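Across the two complexes that follow, subunit A remains constant while its partner is subunit B and subsequently subunit C.
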Partner chain A sequence: MRLEMGHIYIKDIQFADSSKIENGVLYVSREEAAAVALEDEKIKNVVFDIAKPGESVRITPVKDVIEPRVKVSGRGGVFPGVLAKVDTVGSGTTYALKGMAVVTAGKIVGFQEGIIDMSGPGADYTPFSKTLNLVMVCEPQEGLEPHEYEAAVRFAGFRVAAYVGELARELTPDETKVYETCTIKEGLEKYPDLPRVAYVQMLQSQGLLHDTYVYGVDAKKILPTILSPTETMDGAIVSGNCVSACDKNPTYVHQNNPVVEDLFAQHGKTLNFVCQIITNENVYLADKMRSSDWTAKLCAMLDLDGAIVSQEGFGNPDTDLIMNCKKIEAEGVKTVIITDEYAGRDGKSQSLADADEAADAVITGGNANEVVILPKMDKVIGTLDYVNKIAGASEDTLRADGSLEVELQVITGATNETGFNKLSAR
Partner chain B sequence: MVKEIERAGIPVVHICTVTPISMTVGANRIVPAIAIPHPLGNPALDKDEEKALRRSIIEKALGALTTEVSGQTIFE
Partner chain C sequence: MSGDIMIVTNNPLAHEQLQDKYNVVYYELPLNEILKVMRDMIHAGCHLLTHPLSGSVKPGETPYKSVLMLKGPKTQGSAGEKGAGADSESVKLIESALSACEKFADKSAGYAEKTLKDLQLIDLDLIKGAIASAYI
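This part shows the complex of A and B:
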């Protein structure tokens, strides 16, 4: 599959009477964008705001972060099976608005969403302090159950991102990158001497708002399968998460997965990037066993030499990670696993809930229990009402001077397990 | 906790969903549970069925508690 990604750099976002992109500036009509968000009657009200890097702004509770895109040629559309009709994406041409994001916020469950600081020490810990953020705070109709509200906000975010992306359809990209994968046979013929490597991506699928969707299918209902990595780049996987924000993948991370990007950079040079394998992290032991069996089986059938396995989340998915690692290694395929750690505030506790000797090449996204102080910000987009209850906070989190004492867990993307952030350890 | 209570001389049955973790941490008597969000029940069942399910897990655990083991054992 061959995908051309046209990058359009956004240098500023401003509210205006009508929406357009001109000379790298995104102008957004609040009325038009609100009409898109409010297409779903489950959402009572939406308030748009703009947060820029370096501003004294705190966004919370953050649900998702999305990169606006438009599909200009080739099969499928933006977020296939979710917004666009089901069709296989990953080929043709897609434009992405770089340097900006749509951020959905508002209290869904309150204690499970994240924080993005646009300046100060908190900004260093989230990749989304570096993007110009069009923030939409969504308020539900009264009586709406949290899971219905989650779905409504998830879809509203995608609709607004697609609306913004559509503004770029007639533009000329500032830069175009081409990503091309081979079929199995082509790969063998073209790169007979290069090691065959796949990316095994574990998708969060524990349920209760720990969910991921693949072409609109709830990932807890999939069996492990194969994707062209260009499908992932083209929006095949989206987030439905509302939980410990530090190590769940917002949709933006799926669209810009660094493991995919970096494997492509080496494709045909030091390795043959054969494909992406997706699997899940379910809450039944039989599912964990079945999915890891299938993942290892696919690795063997593809005659891989190596696999990079990334986890999403923590706790019982540590077992899925170790099962995948053990079983893939048992097929004679070398693995590197990417995870993060819950090693206690002092960093002295066991980092993962499970372990095995086969896991001898491990990359960490950092210790999510590490405590940081986030100074008071001049402006809050959303609300601080839930900041003492958010996972990684405590009743003493909000201090008298307005600062927050929190674990990294609360910060969106802080210990991301695809290497999307900068934290690690040696 | 399982190991500390056993260290004090009291046998323990660990009812848990992810039995491999229980094996890794060193429990001796392990009874599989249903699922992580609902280890001792199943909301998909009706009340009578669920009560029978819950009772069967507890009875299995009590049985395990009174069974001599020579090493780590999962009571399927």
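This part shows the complex of A and C:
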């Protein structure tokens, strides 16, 4: 499959009477954007705001982060099976608005997490402090159940992102990148001497507020399967995940997965990037057995030499990660696993809830229990009401001077397990 | 449902909503204590059918946990007898869950009633998903 990604760089976002993109500036009509968000009657109200890198702004609680896109040629549309009708994406031409994101924020349940600081020390931990953010804070109709409201906000975010992306349809991209995958046979013929490598992506799929969707299908109901990595780049996977801010994959991360990006960069040079395999992280132990069996079987059937396995979330998924690693290695396929750590505030505790000697090549996104102090910001988009209730926060979180003492877990993307984060080792 | 499968929980909402249809073992206990009850049941021969660290709401943030368990032969015969028959995978999972609990400070003490209800709802939803997978 051949996908052309046209990058349109957004240098500023401003509110205006009508929406358009001109000379790299995105002008947004609040009224028009609100009308798109409010198409679903479950949402009572929506307030738009803009947060720019370097500003003294804190966005919380963050639900999802989405990169606006428009499909200009080829099969399918934006978020197939979710917004656009089901059709296989990953080929043709897609434009992406680079340097910006649509951020959905606001209360879904009575405790919630996800902080994006646009400046200060917190900004160093989240990749979304570097994007111009069009933030939408939604308010539900009275009496709505959390799962109905989560779905309503999820869809509203996608609709607004698609609305903004559509503004770029007639523009000329600032840069175009081409990503091309081979069939199995073509790959064998073209790169007979290169190691055959696949990316195994584990998708959060435990239940309410812990879900991921593939072409609109709840990932907990899938059997592991193979995708062209260009499908992922083209919006085949979206997030419905509201918890574990530091190591969940917002939709933006699926659209810009660095494992996919880096494997493409090496494709045909040091390795043959055969395909992407997706699997899930269910609660029921027999599901874990089935999914890890299937993942390892696919790796064997594809005659892989190596697999990179990324996790999403903490605890329960540690078991899936190790099961995948053990079983794939047992098929004679070398694995590298990407995870993060909950090693306690002092970093001295066991990092994962599971381990095995087959996991001998491990990349960590960092220790999510590490404590950071986030100074008071001049402006809060969303609400601090729940900051004491978010993961990694405690009764002492909100200090007298307005600063927050929190664990890294609360910061959106801080220890992301695809490497879409800012932490590194020295 | 199969009489050999039970739901062990400290979640009052799961107890309330599931007890008429399923075999629910409910204890009003804190999270680490309900995990210890589960551990004792495993040593008495029960098998875990769901992961005791289900959900990415961390220990300390949520006080609730529900698991599906399969009654082992020991449990059905002489309940409470420890030792022989303990399923090693279940032991490993519950011990690592207990260790994980120690890493997280308990933040649930000051929760408002509404927050507790939301946490109960999430735990209930996760176990309902497992019940669907188990076809019980």
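The rule is simple: the second predicted complex is superposed on the first by the 422 of 426 C-alpha atoms of A that agree within 3 Å, B and C clash if a C-alpha of one lies under 4 Å from a C-alpha of the other, contacts with A are read in each partner's own complex, and residues count from 1 in each chain.
Methods note: contacts are C-beta pairs under 8 Å (C-beta built on N, C-alpha and C of every residue); 3 or more make two chains touch, one makes a residue touch a chain.
Source: prediction; values computed, not measured.
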Contacts of A:F314 with subunit B and subunit C, given as first, second, both or neither: second
First (subunit B), second (subunit C), both or neither touched by A:R154: neither
Touching partner for A:Y284 - first (subunit B), second (subunit C), both, neither: both
First, second, both or neither for A:Q409, with subunit B first and subunit C second: second
Winner by number of subunit A residues touched, once subunit B and subunit C are compared: C
Touching partner for A:D354 - first (subunit B), second (subunit C), both, neither: both
First (subunit B), second (subunit C), both or neither touched by A:G344: second
Touching partner for A:K327 - first (subunit B), second (subunit C), both, neither: neither
Footprint overlap on subunit A, where subunit B in one structure and subunit C in the other make contact: 206-208, 283-285, 288, 316, 318-319, 353-354
Residues of subunit A defined as touching subunit C within the complex: 109-111, 146-147, 204, 206-210, 220, 243-244, 248, 282-288, 313-319, 342-344, 349-350, 353-354, 369, 388-389, 391-395, 409
Subunit A partner contacts - residues on subunit B that touch it in the complex: 17-21, 24, 32, 34-37
Contact footprint of subunit A on subunit C as seen in their complex: 48-51, 53-58, 61, 68, 92-93, 96-97, 99-100, 102-105, 107, 109-112, 114-119, 121-122, 125-130, 133-134
Contact set on subunit A toward subunit B in their complex: 206-208, 283-285, 288, 316, 318-319, 322-323, 353-355
